[in-house]
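By letter and in written order, the chains are A, B, C, D, E and F; residue numbering begins at 1 in each of them.
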Amino acid sequence: MKFGILVNEGPYTHEASDTAYHFTAAALRAGHEIVRVFFYHDGVNNGTRLSVPPQDDRNISNRWSELAREHDVELILCVAAAQRRGLLDADEAKRASKDADNMAPGFQISGLGQLIDVGIQADRLIVFGD
Amino acid sequence: MTVLHIVNKSPFDHGSLDTCLRLSRVDSAILLIEDGVYAVQNNTAVTDTLRQALGQHQVYALRPDLEARGINPEKMIEGIALVDYDGFVKLTTEYDKLQSWL
Amino acid sequence: MATKKFLYINRKPPHGTIYALESLEVVLIGAAFEQDVSLAFIDDGVYQLMQNQDTSGIGSKNFAPTFRALGDYDVSKIYVEEESLAIRGLTRDDLMPLVYEDEDDDWAEKDSIRVVSSAELAEIIEQQDVLLNF
Amino acid sequence: MTVLHIVNKSPFDHGSLDTCLRLSRVDSAILLIEDGVYAVQNNTAVTDTLRQALGQHQVYALRPDLEARGINPEKMIEGIALVDYDGFVKLTTEYDKLQSWL
Amino acid sequence: MATKKFLYINRKPPHGTIYALESLEVVLIGAAFEQDVSLAFIDDGVYQLMQNQDTSGIGSKNFAPTFRALGDYDVSKIYVEEESLAIRGLTRDDLMPLVYEDEDDDWAEKDSIRVVSSAELAEIIEQQDVLLNF
Amino acid sequence: MKFGILVNEGPYTHEASDTAYHFTAAALRAGHEIVRVFFYHDGVNNGTRLSVPPQDDRNISNRWSELAREHDVELILCVAAAQRRGLLDADEAKRASKDADNMAPGFQISGLGQLIDVGIQADRLIVFGD
């Protein structure tokens, strides 16, 4: 079955980001297809590569990046939500004349249309949030 | 064509569970996750609400979230089924659409 | 590609958090995809449609007027739960007028807002394909 | 030595206002801000609660938050005093400590 | 510098959000400042003290055992609201044992948790200098 | 009178950050002293310099930076909360071997002790959060 995943909350702050990860990993284990994980609202903060969590804690951003690498899962940060919150890839940083970017590997920035699109394409869209 | 309703908030501080029950048709199912799992315990102010819900809906709760919170399955209201993440995924394939009451 | 029924469920009040504003941004973008779109306002979500919102004092963006543009985007099914209005002491008149032009009725201007009971809304939810919550 | 209690959540979805009232001594005051200001309206499910509170506490509400939400001051429960941000600051100097019911 | 009375008010459940964990980090750091520290657990905050929490299944940090160290940090006044326990069907026995050694009583081990009524807690709040909420 | 301000939520997502700003500005207008604004939990996200809000919206991070510059207000991000969420100054980035940093001017990173300290020093500590 084809799944779409929407993540509305940031890492560590809300369990939504953990639950979404565990659900996505379990769906892949069961042989389902993940069409896309779309990060919206504070969810875009999952895509930072600057996080330095305590050594005895999980690294949430790395965990998503590995999922993308190992299973070729598309991880999309909403561009408008990401700009508001200061989550930029190199292109966005350049366009906004910012001197740094902070997006983690495996993530991409795209428009809200990708959320509607996954709603159309997927057999099930599941929302994780606050 | 029926709905799996997902509730992730404590019923003691939020209205999510009440709204879910008010707006869910008899044959739909309810899955409690994250802080939503606090609703499963016996002898609480929402136990009657949940018992009534069990007469109309299949009710599930996410076991890893129960364990994280130290909720003893023996003190759970009878009739609630526990699932792990694999069971969670399976449920979402068995119901036609998913409604997260954020 | 087949048309799907999308329902946006709005349960949060408008200015304390950004969910309502960013949810409306999705609706506007989504309108271009020509799906069958409805919006539901439940619980504190009904406050999003209040008349006379003026955010100048708190300095944030006043997105309430944007709801009035929904009719132009062919978003004309806006369900408001009656019970949610009632416990908040509100009636239809406390909400903004939201209208659309009905192309099947010689472009007559019609009311987009439909105040519905909980039971009616439960049926509407069952009829959807995709349920979006923010 | 008394407390200014600050409530910033809607009383219709959260228990903050109830908890504030349960845990505030008679001579303390209450300030409603952000989504907490929805409590001021007449003819709602919490109007009686707020009327009772007014018998025991001075109750204030932040005007810019009311205006943002389109709440008509004429539909407000009688006895609630409106303040702007300057008045908010003044209040915090008049009470000895501040309790934000997050 | 004079000693102030700090009360940390905990009203949120432990694992759905990070507030409880990060609040406990403040308490531990604050212990070094030798102020007069108390903690209150109210509403869903009482769940922070539940026995047998095991977060291995959700993969997040299990900080519950850290509460047991509070006695060693001279944090020994832990108030739990009775009404909050009651509506959750909980009693003192559902909570972790938290103890401290009383230096004024030949280091006898004593219970840090004091289950108090709403009225008592309202008085305790009034007696503080600084009220911290997260 | 001496005020301490605690901000627990991030910019745009929650009004707490706006209310804290308006309160702080009003306190300064009234001639009070702001001992410190301490950002904790997602509040640390107020300190990013990479935010690109829509042109017709307020710039929350800039607004704080200007307050710091004009009124010499101390803006402190909690180091542990900031590391978890990927909010780093140049020193922190170097220490963690990260290739970028993202803290805005006027903010500083420091420990949780600064929160306790402002509780002790200030006549009033006010908390803005969710």
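In the analysis below, a contact is a pair of C-beta atoms (placed from the backbone, for glycine too) under 8 Å apart; a residue touches a chain by one contact, two chains touch by 3 or more.
Quantities reported herein were computed from a predicted structural model and do not represent experimental measurements.
**Student:** Looking at the contacts, which chains touch chain C and chain D alike?
**Tutor:** Joint contacts, listed by label: B, F.
**Student:** Which chain pair racks up the highest number of C-beta contacts?
**Tutor:** Summing C-beta contacts for every pairing gives the maximum at A-F.
**Student:** Among all chains, whose Cα centre is located farthest from the one for chain A?
**Tutor:** Ranked by distance of C-alpha centres from chain A, the top chain is D.
**Student:** Could you tell me the distance, in whole angstrom, between the mean C-alpha positions of chain C and chain E?
**Tutor:** 43
**Student:** So how far apart, in whole Å, are chain C and chain F when each is placed at the average of its C-alpha atoms?
**Tutor:** It comes to 35 Å between the two C-alpha centres.
**Student:** Using Cα averages as centroids, what's the distance between chain A and chain B in whole Å?
**Tutor:** Those two chain centres are 26 Å apart.
**Student:** Could you check chain E for residues that touch two or more other chains and list them?
**Tutor:** 11, 15-16, 18, 43, 58, 60, 130-131, 133-134
**Student:** Can you list the residues of chain A that touch 2 or more other chains?
**Tutor:** 8, 12-13, 15, 19, 22, 41, 54, 57, 80, 125, 127, 129-130
**Student:** So which stretches of chain B touch two or more other chains?
**Tutor:** Where chain B meets two or more other chains at a single residue, that happens at 8, 12-13, 15, 34-35, 64-65, 97-98, 100, 102.
**Student:** Based on which chains are in contact, what kind of graph results: line, ring, star, complete or other?
**Tutor:** Contact pattern: none of line, ring, star or complete.
**Student:** Name the touching chain pairs, would you?
**Tutor:** Pairs satisfying the touch definition: A-B, A-C, A-E, A-F, B-C, B-D, B-E, C-D, C-F, D-E, D-F, E-F.
**Student:** For the complex, give me every residue of chain A touching chain E.
**Tutor:** 12-15, 18-19, 22, 54, 56-58, 130
**Student:** Hey, which residues of chain A end up touching chain B in the complex?
**Tutor:** 1, 3, 8, 15-16, 19, 22-23, 25-27, 29-30, 32, 124-130
**Student:** Which of the residues in chain C end up touching chain A in this complex?
**Tutor:** These residues of chain C touch chain A: 1, 4, 6, 18-19, 22, 25-26, 29-30, 32-33, 35, 130-134.
**Student:** Given the complex with chain D, which residues does chain B contribute to the contact?
**Tutor:** Residues in contact with chain D: 12-15.
**Student:** Going by the contact rule at the top, pick out the chain C residues touching chain D in the complex.
**Tutor:** On the chain C side, the touching residues are 11, 13-16, 43-44, 47, 50-58, 60, 62, 64, 87-89.
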